[in-house]
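Next up, some structures in structure tokens.
Both complexes below contain subunit A, partnered by subunit B and then by subunit C.
Here is the complex of A and B:
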């Protein structure tokens, strides 16, 4: 068994397409989050957040992550713009490993400068970015892949068996992180009376913090069928998600259902950022074969559509 | 003789040893993270919360918000007011309370790309609420009676003398000082004149029970306020004041 495991780890890189999709979405999330927060950046993370120093000291973050908390004015803006730039580079897959590492470093530096504006999505993003630095996330659908196609493969700094091992182990850690989030969440919920009696979702939807649409959707939130359906669906999906992943037919259904759940949570509870991070990391779970088939389908549609576009004189 | 690169890597003892070592490290790391995220169990208790925390924090830190437990039923708010003296001199007067959380909620309504700035007041309120809940009743009575002239060092002694855990006092004072600084900076930008003293309060409302969903909503629940005494204004660095000015004035 260990023989087979070592062979699986060293032989070739797995989930390269899924990782590429995750990389693109995470890069987009980082860049778009910072763009959205640009008008209030100094108040949120810069000079305006110095009042949080009392808790910063107790968090145990090393001083090399103090870039944003120690800089102000132009220096802060340059570091902020650099984070957006590396997020875009990561999304495009240019110098993927370096841009992933820089995105991680800068994003964590920003995150630690104000603990009052963090979210659950930040912790997952931080850990997935850390693991991703060890993967070949730019293997497909990236500018690196395009350059590689033109120039040919460049010999790596580490031997292939080591590079494959690091990639595959990091991928395992990302998948483990996803599965643990769902499983732990389900176990916590099962210990709570309101999740067991099917009313849990009602409570956060009544609070101002998680109900940006309550004025429009209040009748829906008052429906016991809707609330019970949403509550039990969330628990069952999270609890059985790892089991559903084992078989191809259920894997697709589970991924569609959990993506729907995240979109629902993101839209209705106003936590779109957390939901997008979860959707991004879930993409690793789609097999390479499925991504290749999806690519062929898109390319086929594109080829079928393009000639018609080019011949405007053709009679209908 | 190995026939492929995979076989070659597996066959070489040194390579195999490195791969196995990495695999063991990944398994151990995964088990620790799994225990950290899991609810209380004999296995988790045997590992010990402190031991797990020392490994997880800060690089792999993830709290319950990561696993999205989410059945929050308490809505908290953060309000501030100040005693402001006219610039030319004269007696200071207390302003009206302003609920910063309500302003944030109003700005974030129907918005899918809510700025993180909207989280600050509510998070401050939630942390103050938790810090205050960790104090015992005698200590909370001390907090309610605080005046602007009492220095943090004196307050610390008074709180510790009232009983409870010293760690809880430390956490409360840290949040209290942060809230004082935040309120001072906000108040100086919000009101004209010289801000002499500031005060903040945390509002709490509990969502009505599920059985009452048809007849009652959160708006029908009276807000109970946790009051903190007046505090002397902390002027704050110039850059922070300018940043608050530009943010508060555009609200």
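Here is the complex of A and C:
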């Protein structure tokens, strides 16, 4: 048993395809989010957020994360653009470990500069980014992989067993964190009457902050079947998510259902980036075999769709 | 390996709702804050069921030399322009939404006499921050609580000053105060009525109005950023 566990841990890197997908989506989230918020960057995280300093000082973040909270004007803008750049590099998988580390450092520095902007999605993002720095998240579907294909494998700084162990332990930490998010959230929900009576989802969907489309979609939100369905689906999916992960068929269905739930939350409650972060980290749970099959399917469809080259001598 | 095992256990204990085991190991899991803070309530146990807004009002001397007040400025409504009817909301859409809860919590923890110190400061002569802290302690507020409360009063006042100076650049403002407006949503039982019936069934909004504070303007760059945001989203 112990021998088998040690073998699993040190023998090879697991979930490399899932981690690559997570890396791409998280890089996209960092870069696109900052690009979308460019017009309001100074009020959100820059000079216009300095009124929060008294509260920020009491949060206990280390001073080396003060890049954004201590810079303004053009210096802030350059650091902001650098964060977008490293997010893109991470998404593309160029110098993956270095670009992941720089994205982590810059993103967390930005996050801590305004204590009233963060969300659960940001918390997950910073934890997963940190763990991901110890993984081989650029193993597939990355520019690093292409370069490796041309130049060949470069010998690592540490022995393979150590690199594999770090990768696999970091992957375990990520998966454990994902499971704890769902499980803890379900346990909190079970303590409330409105989650148990199937009406909880109705309330935030009536507020200005968490219902950007309530004026258009009110008939939907007034339906007790829709509200009860969404409420119980959320509780049951989160509560049994770890169990669903144990068997391939239920894992597949659970991932589809929870991705749908996140998309619904993102679109209807206006918290799309939180949803995208959760979708991104859930992708680690899809097995490498499934990702390889998906890749083969996409490549097959692409080859079938691509117009065939005309062979010489073919009549016009 | 052992470090990972300990961390996994710590995350598990800190993430789940408080229980006898998490209470007993609180000191051992304290290292998780702030980087690995485990707060996954996600609209639980009780989902948000009210609109919360932060409003600001300024005091000034009018042309006849009399004390006057501006209209209330609903700053949360300005921020919500980044949320309403947008597929991808702007991150600044929830700033005051997240400020309101801790701001209220610090005042709610006070007794009636202490609360009077916070809310009763006069328009003509608002206290300095040092004086407000001293008055709170004199009223029996523990030092840590008083410091925490003044910290939040100060950030709200600084934002309010920046906002009012943006909105009323020609007025000679003398003081500022904030109000937290709360209005519960339409009750679940009334969800199927017409728009008029739902509006009638919705509980009225209540305002919790703070005391007057001295103007606490931010830097020129801060005020310019708040002014630009106000111009783009009001």
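Assume the second predicted complex is superposed on the first by the 307 of 316 C-alpha atoms of A that agree within 3 Å, B and C clash if a C-alpha of one lies under 4 Å from a C-alpha of the other, contacts with A are read in each partner's own complex, and residues count from 1 in each chain.
Convention: a contact is a pair of C-beta atoms (placed from the backbone, for glycine too) under 8 Å apart; a residue touches a chain by one contact, two chains touch by 3 or more.
Keep in mind that this is a model prediction, so the values were computed, not measured.
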Given the superposition on subunit A, are subunit B and subunit C in a clash or a fit?
-> clash
First (subunit B), second (subunit C), both or neither: which does A:213 touch?
-> both
Of the two partner chains, subunit B (first) and subunit C (second), which one does A:39 touch, if any: first, second, both, or neither?
-> both
Which superposed partner A:69 touches (first subunit B, second subunit C, both, neither) | neither
For A:48, decide between first (touching subunit B), second (touching subunit C), both and neither.
-> both
Touching A:99, do we find subunit B (first), subunit C (second), both, or neither?
-> neither
Once the structures are superposed on A, label A:202 by its partner contacts, choosing first (subunit B), second (subunit C), both or neither.
-> both
In the superposed arrangement, which partner chain does A:162 touch: subunit B (first), subunit C (second), both, or neither?
-> first
Identify the partner contact of A:272: answer first if only subunit B is touched, second if only subunit C is, both if each is, neither if none is.
-> both
Touching both subunit C and subunit B, counted on subunit A across the two superposed complexes | 36-37, 39-40, 42-44, 46-48, 50-52, 54-55, 58-61, 72-73, 114, 116-117, 119-120, 123, 127, 130, 169, 172-173, 176-177, 180-181, 184-185, 187-189, 191-192, 194-195, 199-200, 202-204, 206-210, 212-213, 221-222, 267, 270, 272
Touch list for subunit A against partner subunit C, complex | 33, 36-37, 39-40, 42-44, 46-55, 58-61, 72-73, 114, 116-117, 119-120, 123, 126-127, 130, 169, 172-173, 176-177, 180-181, 183-185, 187-189, 191-192, 194-195, 199-204, 206-210, 212-213, 221-222, 267, 270-273
The subunit B residues in contact with subunit A across the complex are 4-10, 15-16, 18-20, 22-23, 26, 29-30, 33-34, 37-39, 57-75, 77, 101-102, 105, 108-117, 119-120, 122-124, 127, 174-175, 177-178, 181-182, 185, 207-208, 210, 213-214, 217-218, 236-237, 239-240, 242-244, 246-247
Parts of subunit C lying in touch with subunit A, wherever the complex brings them together | 1, 4, 7-8, 11-12, 15-17, 33-52, 77, 80, 82-99, 102, 148, 151-152, 154-155, 158-159, 162, 185-186, 188, 191-192, 218-219, 221-222, 224-226, 228-229, 232
In their shared complex, subunit B is touched by residues of subunit A numbered 2-3, 5-7, 9-12, 36-37, 39-40, 42-44, 46-48, 50-52, 54-55, 58-61, 72-73, 114, 116-117, 119-120, 123-124, 127, 130, 160-162, 165-166, 169, 172-173, 176-177, 180-181, 184-185, 187-189, 191-192, 194-195, 199-200, 202-204, 206-210, 212-213, 215, 218, 221-222, 224, 227, 265-267, 270, 272, 274
